[in-house]
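Below: a set of structures, written as structure tokens.
Here subunit A shows up in two complexes: once beside subunit B, once beside subunit C.
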Partner chain A sequence: MFKEQLQKFFKIDRRWIFLLLAIVLFAPIIKPIGLPNKTIAEATQRVYDNIDKLPAGSFVLFSLDYDPSTRPELHPMATALLRHAFSKNLRVGVVTYIAGSTGLIEDIFAKVPKEYNKVDGVDYVIFPYMPNILATITQMSSDLYGIYSKDRNGADIRTMPVLKGVKSYKDMSFIVCVTGTAILDYWVAYVGDKYSVPVAGGVTAISQPGYGPYLQTNQLKGLIGGMKGAAEYESLIKQPGKGTSGIDALNLAHLLVLALILISNLILLYVKYF
Partner chain B sequence: MSETWLIIGGWVTAGLTIFLFSFLYKDNPFFKVAEHLYLGAGMGWLFQVSVANVWIPKIWEPVSKGELLVIIPSILGLSLLTQFIPRISWISRYGFTFIMGYGSGLAIPAGLSTDFLSQVGGTIKPFSQLASMSPLAIFNSLLVAGGVICVLFYFFFSVEHKGHLKKVSNVGIYFLMVYFGAAFGNTVMARFSLLYGRFDDIYTYSGAKYFYASQLILLAMVVYFIAHWLMNKGKSGSPEEAAAD
Partner chain C sequence: MAIVFVTGVLTLVSYYVPHKTSVDYIETMNKWENVVAAFAFLLGLISLFFSHYNKIARKADGWGYSLFVFIGFLAMVLPSYFSGGKQMVDGVLTPLGWSYKFIYTALSGTMFAVLAFYIVSTAYRSFRIKSLQAFVLFIAAFVLILGKVPLGQMIWDSALGWTSRLGWVHNHVSDVIEWIMEVPAVAGKRGIMIGISIGAIVTSLKIIFGIEKQYMGKD
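The block that comes next holds the complex of A and B.
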């Protein structure tokens, strides 16, 4: 009788689990618990160290290639990376190869440069969206201006102070690609390896394990993975943002999953052997 | 952006999110509306970005200035569209030929160098530095090299997997399992992060500034589901619902 009762657990309407998960994720948004994020992954630390050691005025290229579907993971990451770059007085260039990214890039640049008194064209430049990443990044190896002649607002980039002395990859100190696609692979294969430019990445948690081999061989100079990675980077620059506030929800949701797995297995063991 | 547009944006964002999540309860017309809007808006956005950032600056403006060379790649690109007209679809082969040749020329050397030679080198290199490595680093290098060999054996099908070879390939399976476990764990975390992002937006738009958009839309959805249930009470459900029951 008791076993039959327990077996009902396996036939539970999955919508109850959806509801439970919704409550667990929503509760910390309404009332944050403040669970700590104490560990910093080595790969995240490497991204931070590589940017931190660049001398002021170095040119860093950001390839921000994500759309609203991966925004919760990648937007806080990109924001934290740009805050770090601006705080170090680096010159920033932004390219994108995903049409849906343009609005999100504008969203970041509407607020972050103001925090550091940075000026469009002087301290940073946002290039327009380009299709066919392979053709574009290959051309940029010889002449940046051959593929980009204007910024996203149609202003001539040749006269911009931010691009003074920057013609190709050899004039760039670091490249960071934040993406939920395979675009980081292109940066590693067609730019990092080929032209010996240091490349780092920020990717979704799903893609993160696949980049392990590139980290091991140092083809990638660092990697930020998922919302956890974003929270780690926010900790490193000491500016908590959306990544840090999401850690509460993630921790609770993971505890729920662990509890469900544990309960299911215990019930299964009891039903089978007792 | 004016305050009014921000409020309208908040209502649209909260509404579409709730409409899409309503599918978790059951299929409904609001979900269908949101689904079609998502596809339509996505295509519309892509179209305008392509026209504004590619067609005008890369084709229209150069041609207007007399730079006629851009016509050649443009014609190659347009040739792909002949796929839709069977009588002249052969023309698309010229465009595809260029794409294939260009793509292969770029991808093959880079792929060989980045994903094959560098990875083989990365696995072997630590063994030339054993004297200067810590015991943990040596163990790590051995583990990686051992894992690579075992997994490669698992995917080597030209000899029968029996005896010692079977044991080696079985160890390879465990390495693969560890990877799949890590990948699945990360996938779960990523999905929760995305869900958190939507909930965070819903919470943002539930404030007085947005005239309680989230609560009102959610309430309307609940009312709809109750009304729908009351109106269909006693009637036989759809085949999907019958199967679910």
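The block that comes next holds the complex of A and C.
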């Protein structure tokens, strides 16, 4: 009798689970618990250290290749990375190979440069979207003006102070790719390895384990993974943002998944052996 | 086939030869590639439109959804045309910026967020430990999920903190995760990467030497 009742749990209407998850996600967003993010992953620390040690005026290229579907994880880390770059007075260039990311780049640059009194064309430049990543990043190895002649607003980039002395990868100090796709692999294989430019990345939590080999061989100079990575970077630059506030919901949702797997398997064990 | 052979060999050789001629060749090829990619976009768009137009014309199953292809297209392309492709001017959203923020972002985020609900539901209903392999997978997943969030790290330390009082080495969950990520996960991933790379090299050589002709519509 008891076993039959337990077995009913296996056939529970999945809408109850949806409701439970919705509550677990919304509750901490409405009323944050403020759980501390105690550890900083070594790979995140490496990204921070590499950017932090660059002398002021160095040119850093950001490849921001994510669209709204991965925004919760990647937007906070891109914002934190740019805040760090601007606070160190680095020159910033932004490229993208995902059409959907253009609006998110505008979103960041509508507010972050103002916080550091940075001016478009003088301290940073946003290149227009390009559809063919391989052709574009290969071309940039010899002459970036051969593929980008104007910025995203149609202004001539050759006369921009931000690009003074920058013609190809050898004039760039660091490349960071934030993406929810395999574009980071291209930066490692076609640029980092071939032209000896340090490349670091920011990726979604689900794709983070796949970059272990690149980290071990130092082909990647660091990696920020998922919302936790974003929260870690925000704590490193001491500017809590969306990554830090999202950690509460992430905490509870992860533990809910664990609890559900455990419960279902304990029921299975009981039904089978007792 | 001769064009493919010559272009393939030249491009392959150019990768390893840092001479001005090879750099110029690669630059020309890159520009051509971008032009071809733009036409591929156009071709894809025309094909999409025809496919959905036919569904609507034939009143095929789910033809109503095809209407949204055209509605979605117009909702993004018309504002883009009137905004000159700009999403923001002097800090103010253009019609394209509005469509991007309130249509594309909302729809795209919703589609991806729905996945979370299915994953949690599936975790409960399908993740059954019925074999040793499933058990090993469960243990690895358990530790990774626990260690990926601060609350999980606190639970781990509370549950196993007593081991250090006995003089044993107490490993934080982050140490265990680091080991899983750096040893078994990297070993597996490296094997997959090597396999994919060898496969890609072999396929490329087969295309260059005319053994593989499927790209021309032949077997």
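Here is the rule we use: the second predicted complex is superposed on the first by the 274 of 274 C-alpha atoms of A that agree within 3 Å, B and C clash if a C-alpha of one lies under 4 Å from a C-alpha of the other, contacts with A are read in each partner's own complex, and residues count from 1 in each chain.
Throughout what follows, a residue touches a chain if its C-beta (ideal position, glycine included) is under 8 Å from a C-beta of that chain, and two chains touch if they have at least 3 such contacts.
Remember, it's a predicted structure, so these values are computed and weren't measured experimentally.
Colleague: Please indicate which partner A:249 is in contact with in the superposed arrangement: first for subunit B, second for subunit C, both, or neither.
Modeller: Only subunit B; A:249 stays clear of subunit C.
Colleague: Check whether A:26 is in contact with subunit B, with subunit C, with both or with neither, and answer first, second, both or neither.
Modeller: Only subunit B is touched by A:26; subunit C is not.
Colleague: Using the touch definition from the top, say if A:73 reaches subunit B (first), subunit C (second), both or neither.
Modeller: The answer is first: A:73 touches subunit B but not subunit C.
Colleague: Does subunit B (first) or subunit C (second) touch A:153, or do both, or does neither?
Modeller: second
Colleague: Who does A:258 touch here: subunit B (first), subunit C (second), both, or neither?
Modeller: So A:258 only meets subunit C here.
Colleague: Tell me which partner A:193 touches in the superposition: subunit B (first), subunit C (second), both or neither.
Modeller: Once the two structures are laid over each other on A, A:193 reaches subunit B alone.
Colleague: Does subunit B (first) or subunit C (second) touch A:270, or do both, or does neither?
Modeller: Once the two structures are laid over each other on A, A:270 reaches no partner at all.
Colleague: State which residues of subunit A lie in both footprints, the one left by subunit B and the one left by subunit C.
Modeller: After superposing on chain A, subunit A residues 18, 21-22, 25, 69-72, 100, 102, 130-131, 134-135, 138, 205, 209-210, 213, 216, 226, 228, 250, 253-254, 257 contact both subunit B and subunit C.
Colleague: Which subunit A residues qualify as touching subunit C in the complex?
Modeller: Residues in contact with subunit C: 10, 12, 14, 17-18, 21-22, 25, 35-39, 41-42, 67-72, 100, 102-103, 106-107, 110, 130-132, 134-136, 138-139, 142-143, 146-147, 153, 205, 209-210, 212-213, 216, 226, 228, 247, 250-258, 260-261, 263-265, 268.
Colleague: Hey, which residues of subunit C end up touching subunit A in the complex?
Modeller: Checking each residue of subunit C against subunit A gives 23, 26-27, 29-31, 33-34, 37-38, 41, 86-88, 91, 97, 100-101, 104-106, 108-109, 111-112, 116-117, 119-121, 123-125, 127-129, 138, 141-142, 145-146, 148-154, 172, 174, 178, 181-182, 185-186, 189-190, 193.
Colleague: Can you list the subunit A residues touching subunit B in their complex?
Modeller: Contacts found on subunit A: 15, 18, 21-22, 25-26, 29-30, 69-73, 99-100, 102, 128-131, 134-135, 138, 149-150, 152, 188-190, 193-194, 204-206, 208-210, 213, 216-217, 219, 225-228, 242, 245-246, 249-250, 253-254, 257.
Colleague: For subunit B, which residues count as touching subunit A in their complex?
Modeller: Subunit B residues touching subunit A: 24-25, 42, 45-46, 49-50, 53-54, 57, 102-103, 106, 110-111, 113-115, 118-119, 121-122, 144, 179, 182-183, 186-190, 192-200, 203.
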